[in-house]
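Pasting the structures in now, so scroll down.
Here subunit A shows up in two complexes: once beside subunit B, once beside subunit C.
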Partner chain A sequence: MSRYILRRAAFGFLVTWLVFTTVFFLMNGLGDPAAAVLGANAQESQIRQFKEQKGLDRPLHEQYLSYLGLIPCVRRDSPAWSDDPGARKHCGILQGDLGESYIHHDSVTRVIGHRLPRTLLLGVMAMVVELVFGIGAGIFAGLRPGTTGDRAVMFGTYLGTSLPTYVTGPLALLVFAYLLGWFPVGGYGATPLEHIQHGILPALVLGIGGTAVYARVMRGEVIESMRQEYVRTARAKGVPEGRVILAHGIRNSLLPAVTMIGLSLPGLVSGAIITEKIFAWPGLGALTIEAINALDAPMVLAVTLLFAVMVQIGNLLADVGVALMDPRIQY
Partner chain B sequence: MSSTHASDRTRKLAGPLVVLALLALGGFFVANLPKGPDHPRFVGAGNPEPVNGGTFQWTVGSNVRTLDPHIAYDSVSYQAIRLVFDGLLDYDPDGNLIAVLAESLPEISADGKIFRFRLKDGIRFHDGLELTAEEVSWSLHRMLSKRTGSPGYAFFSALRGVADYHEGKAERIEGIVVEDRLTIRFELTHSDQTFLNAMATTFSYPISRAHFERLGGDRTKIAQHPVGAGPFAFEGWERGVKLSFTRFEDYHAPYARPDTMVMWENVDATTAARRFRNGDIDVLAGAPKVHLLFFLESEAWKPYFTLEPNVAVFGLAMNCEMPPLDDVHVRRAIAAAIDRKTITDYMLGLAVPAGQPLPPQLKGHDAELETLQTYDPERAKEELALAGYPNGLPKPIEVWIGEGEGPRNIAQLWQSDLEAVGIPVRLRQVAWATYLAETGKEKSVQMFSSGWSMDFPDPSNFLDPLFHSRSIHPQHSENRSFYRNPELDRLLDEGRAEVDPEKRAALYHEANAIVARDAPWAFLFYPVDFDAWQPYVKNFRPHAVWSDYRSVWLDLPRRPATPEDFEEARR
Partner chain C sequence: MDPRVISRFRRNRGALAGAALVSFVLLLGLVGPWIAPHPPAKQFRTELLEQGLPVGPLEREGHLLGGDQLGRDQLSRLLHGARLSISIALLATAIAVFIGVSVGLVSGYLGGFVDGALMRLVDIVLSLPFLLIAIVAQKSLDASGVLFISTLLGVLSWTSLARITRAKTMQARALEYVEAARALGFRGPRILFRHVLPNVAGPAFAIGTLMVANMILAESALSFLGFGLQPPAASWGSMLSESQTLMEWQPTLTLFPALLIVITVFGFNLLGEGLRDVFDARL
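And now, the complex of A and B:
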């Protein structure tokens, strides 16, 4: 297992570097960040100055190597810069410096540090919704296939997978927040309790799709498990029905759900871009879109790194989780 | 056997029945939803005189980027910065220059090269430091140093010795002279009356040197902990969420205002409109179409919103170096072919038709202009014939437009007008960053939708960057239509230097007419801003230059409104 984890980590490192490098060069092909940041009124002298400050007047390969931290800093606005070329220090990833955001005038790690917990909070709340309602509804339907209850759940899952967030979000905001007044009208609030209050409605909206998917997967798995020989044997041995369902039926149905949780971890960090926008939730999703639009390369690259690492960790956790739950699986 | 059939039938019916039952339940729920009121939810207490107190809240759609006035170059950051800082000069709501930290407008030498400011005595920053001429000088030196990297440097290029100082070749700027404790003199290399406007930009706002030194000159910290001499002191900033400010008791020009100002960041326009209608926030700047229609149709809201023209212009820029737009007759044909009224109607009154570069608020604008660009399809066809295209252009013109549904819908309106007179057009929607980079390059884009919002309300800020040949560069051209006219250049240079306001207005009047006649742009509309406020918000008046709320006071305690509160408005 440990060799497997090491191998996966090395592979993950390679993938992350490839993703980072691709995005770095893509960002440079998309347009001129100086013009995008300074806007339509920017004068030529302002653009020139901006490029000097950010090192964008240097050849692309120098910018790349400086960003990685392999050559001295090319950014004049970095503390590592010195007018004396011999005294310049390194200011790249290897030194733990991911650069300064062009539009936030602050280190990208600090800006992401502010946003990440908010996105995680919303993501975790949505996942709780998905797990509780999705797995619950799936088990409920799977234990009584073909009944009215099962059909009602299946109808709900059709709706859940068909309705996009940009429909359910504004509708929920209009009905439950504005007209009924049950929830705040968007925003994040000021205290931890308010953050949770403000997060409930977006989490419910965000969780609708996932709930439907979990419910459908769980239903299929429960039906399948309950038809297995070991369930029949347990029943024949007189094991109480509740225990048969819990210990034999449901436990064995949970494997795909565990895999799904692992695979959805990166989604917790990447943020629900549309939901965050609709509910004015100041997380990473909104930050990423803003950074892409403004060609804020340091921010886009830092977020890319974060996402890439999370994908690797999520996949690894899913594999390990499944192996722990199913002794037959060996790596 | 028959009972099995019956249960099969029941099962088959169960699905549709469940669906029907759920739909019926949903329908019942929707039908019984309470309706939102068509009037404001709260009204004021009716205080006869302005009072201090309360918390004023508003939202913005994106982030405040920085609170350093020497770095900020976006309208959202300005909203926060202008609470904390004051400048020597500012604008009144109509856009006229006024003195704020200065005792009066400066004394200007006859040759227009020397500006002498006298500061008000006894002004203090929020940290207690006294504002003196030396502090103003220090602050400007900080802003203009290369190390600070302020975009404001470009507005102060006429100051004597500024380039040497910026490049590190001089210790001080020769053209900034402290005469005594409260008097400071600025000397320019040539007469440039826009220097007054530069002194009213946020770049010139003095920051506290003591605070700067306490923070070790760390620009990131300064960007997040501002100390100025404005009406509100900075309290806190939860990045990406909200900023708060408290009333500064020792403000040099006291007036009634809220105890606290709270600015919520990153609230999308639709959510902001809902929160405003819910009474959660106190003002609303701009509104999505559906909400705008609501306000326009509501009698009760009528006294609480305004539609005020913004000092900006939008149109179609044409690259005068690229055929067939290098021919003035083709450009004039395009300018005459477009019906501006259909565009402004589509925008629900959030625009008024334009036909010249300068907006109505600026000196030089002429409502009776002879060269005014107006909708006249016959004249468009005549101009095309003069250009040698009596049967219309043989090849389509490629026009770049910005992202989003709005620009596309507007483009389709003028596209059909142009095609009706024989000017085929191929639309290309591009990302903002690509648009900015490419349209600023020589011979790159034939025609593109364009707009200009002022840095300051002076005709030079429209005509110089957009149409002076000095603003042409191979890359990053500010004059993106690459229009050259020596006569216009002369008028603009004289206009910048002219001290006499009447002579100055006449020069810009002439320049404005030339640009309208030569049509490097087809000027389409001047945008209009929608601003709404709650009935308990007092003294809000849209500002010609800034979008901010530093003048308001709150008529508290507010109380829930009833339809009767608005009967007068409905009548």
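And now, the complex of A and C:
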């Protein structure tokens, strides 16, 4: 088992590195960040100075290796820089240094550290929505397959997977914020209570797709486990029906849903890119779009790295979760 | 085609409903630009804008659905957008199907080292942060034509097809008539195309149909974020994105493209799920 985890983790590192490298070289084709950051009226000398400060005057492979932390720093504005080439320290990913944002004039890690909790809050709230409604609807439908109630739930799940957030989001805003006034029209609020209030509508919107998926999986699992011999045995022994459903039917159906949590993590974060735009939620998604449009390479790279790592952790958790919970699976 | 498959399809009401929706949408994409009353980018500033705000549906003769924020005819844009959105989705799916089926066939048929390497490749592509990579690639390669967006989406989403094709190929390889073909001395390509591919085609078609739905969603998501087709091209996603600021004044600008996206995606999903049951294309 631990060997399996190690192998998976090594593969995760490889993929993360591949993603990072791809984006690094793609970013370079994005155009000149100096012109984008300093504006159209920047002087030649300003642009040159900016490039020197950020190490953009160095060959690409040096920038890349320096960014990874394999060779000494090429950025003059970094604390690791020294005019004496022998005294230069490293300032890359391996040293935990992701550089400074071109537009926020602050360390990339600090800006992300500021934004990440907001996106996580949205993600957690959406996950609660998915689990509560998805599992609830799935159990409801799974216990009465073929009935009108079941059909209604199934129809709902088809609709749910066909409704993208950029459709439901604006509609939800229109109906529940503008017309009914139940929720704020967007933004993030100032106090923790306000954050939650502002988060309800985006979380509901973000959770629709996942709710449908959970409901479908749960329904299938419940139907499957209610057909099992041990359910028949329990009934034959005279166990009350409520307990049969809870202890035998549902309990064994929850496993796949639990493992899906790990897999849904990256989806929630990337789904947040769109949801955050709709609801003007100042999280990681909004930061990403802003950084790409402003050619803020260090920020884009850092966000990419974060996304890639999250995907890998999600996959790993899902695989390990399956292995831990299902005794039939061995590695 | 196997008559059992056809009868199973006929009895699947979801698939039939999906097929009806899909036919409608495909027809729209085919004839849309021909029946559109106006060019999609033509502005009617005096007719369709009132104090800078667009007029709504049924308010002006000749402009059934009113105008958008730039005074362009909404109905014409929706109809032209239909062809753009649908062609991107179909083209992207074709690319993904081609890559996915090829990889799956080779992987499943050859097995061994090739199989291992290709499946690792699948794992890698599968764990790419799709939206982020697509956005960065679109922005940095600075291309936004139909062909580019389709290729981008196709190249990022062939993995599920490769997996299912591989599984079906491995099943087919063990079939007696495939073994017989091998015993007769036929070579790999002939066996793959004549004997294995027909077994794979049905499931691939089902997954491909589901994929069209996802492609519509992905293209609209890119356009919505401003990284898809660039103005003045009208795709449903970009129309949705452009209309967001006008939500309070003219919700129909959001409503119609949204509705078309949902109908399209819903149709392809229903049909795809139905076909998947019919062809037994589950992993």
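Everything that follows uses one rule, which is that the second predicted complex is superposed on the first by the 319 of 331 C-alpha atoms of A that agree within 3 Å, B and C clash if a C-alpha of one lies under 4 Å from a C-alpha of the other, contacts with A are read in each partner's own complex, and residues count from 1 in each chain.
Everything below uses one rule, namely that a contact is a pair of C-beta atoms (placed from the backbone, for glycine too) under 8 Å apart; a residue touches a chain by one contact, two chains touch by 3 or more.
These numbers come from a predicted model, not from an experiment.
Asker: Just checking: does A:170 make contact with subunit B only, subunit C only, both, or neither of them? Give me first, second, both or neither.
Answerer: In the superposed model, A:170 contacts both subunit B and subunit C.
Asker: Let me test your reading of the model: by the given contact rule, A:162 touches which partner, first (subunit B), second (subunit C), both or neither?
Answerer: Touch partner of A:162: subunit C, not subunit B.
Asker: Just subunit B (first), just subunit C (second), both, or neither: which does A:277 touch?
Answerer: both
Asker: Which partner does A:20 contact after superposing on A: first (subunit B), second (subunit C), both, neither?
Answerer: Neither partner.
Asker: When the two structures are overlaid on chain A, which partner does A:32 contact: first (subunit B), second (subunit C), both, or neither?
Answerer: A:32: touches subunit B, not subunit C.
Asker: A:178 in the overlay: touching subunit B, subunit C, both, or neither? Say first, second, both or neither.
Answerer: The answer is both, since A:178 touches subunit B and subunit C.
Asker: Compare subunit B and subunit C by how many residues of subunit A each one touches, and report the one with more.
Answerer: Subunit A has more residues touched by B than by the other partner.
Asker: By the touch definition at the top of the document, which applies to A:67: first (subunit B), second (subunit C), both, or neither?
Answerer: In the superposition, A:67 touches no partner, neither subunit B nor subunit C.
Asker: Using the superposition on chain A described above, determine whether A:152 touches subunit B (first), subunit C (second), both, or neither.
Answerer: After superposing on A, A:152 lies in contact with subunit B but is clear of subunit C.
Asker: Following superposition on chain A, which residues of subunit A contact subunit B and also contact subunit C?
Answerer: The answer is residues 30-31, 170, 173-174, 178, 277-278, 293 of subunit A.
Asker: So in the complex, the part of subunit A that touches subunit C is made up of which residues?
Answerer: Against subunit C, the touching part of subunit A is residues 11-12, 14-15, 18-19, 22-23, 26-31, 158-159, 161-164, 166-167, 170-171, 173-174, 178, 266, 270, 273-274, 277-278, 288-289, 292-293, 300, 303-304, 307-308, 311-312, 315.
Asker: Spell out the residues on subunit A that touch subunit B in their complex, using ranges where they run on.
Answerer: Subunit A reaches subunit B through residues 30-36, 38-50, 53, 76-77, 100, 103-107, 111, 114-115, 118, 146-148, 151-152, 155, 170, 173-175, 177-180, 184-188, 190, 277-280, 282, 286-287, 290, 293-295.
Asker: Show me the residue ranges of subunit C that touch subunit A in the complex, using the header's touch definition.
Answerer: Listed in rising order, the residues of subunit C that touch subunit A are 14, 120, 123-124, 127-133, 135-137, 139-142, 213, 217, 220-221, 224-226, 237, 240-241, 244, 247-248, 251, 254-255, 258, 261-262, 265-266, 269-270, 273.
Asker: If you look only at subunit B, which of its residues touch subunit A in the complex?
Answerer: Counting only subunit B, the residues touching subunit A are 11, 14-15, 17-19, 22, 33-36, 59, 62-63, 65-66, 68, 71, 73-74, 146, 149, 151, 153-154, 157, 219-220, 223-224, 238-242, 264-268, 270-272, 274-275, 277-278, 280, 431-434, 436-438, 440, 450-453, 455, 465, 471, 473, 475-478.
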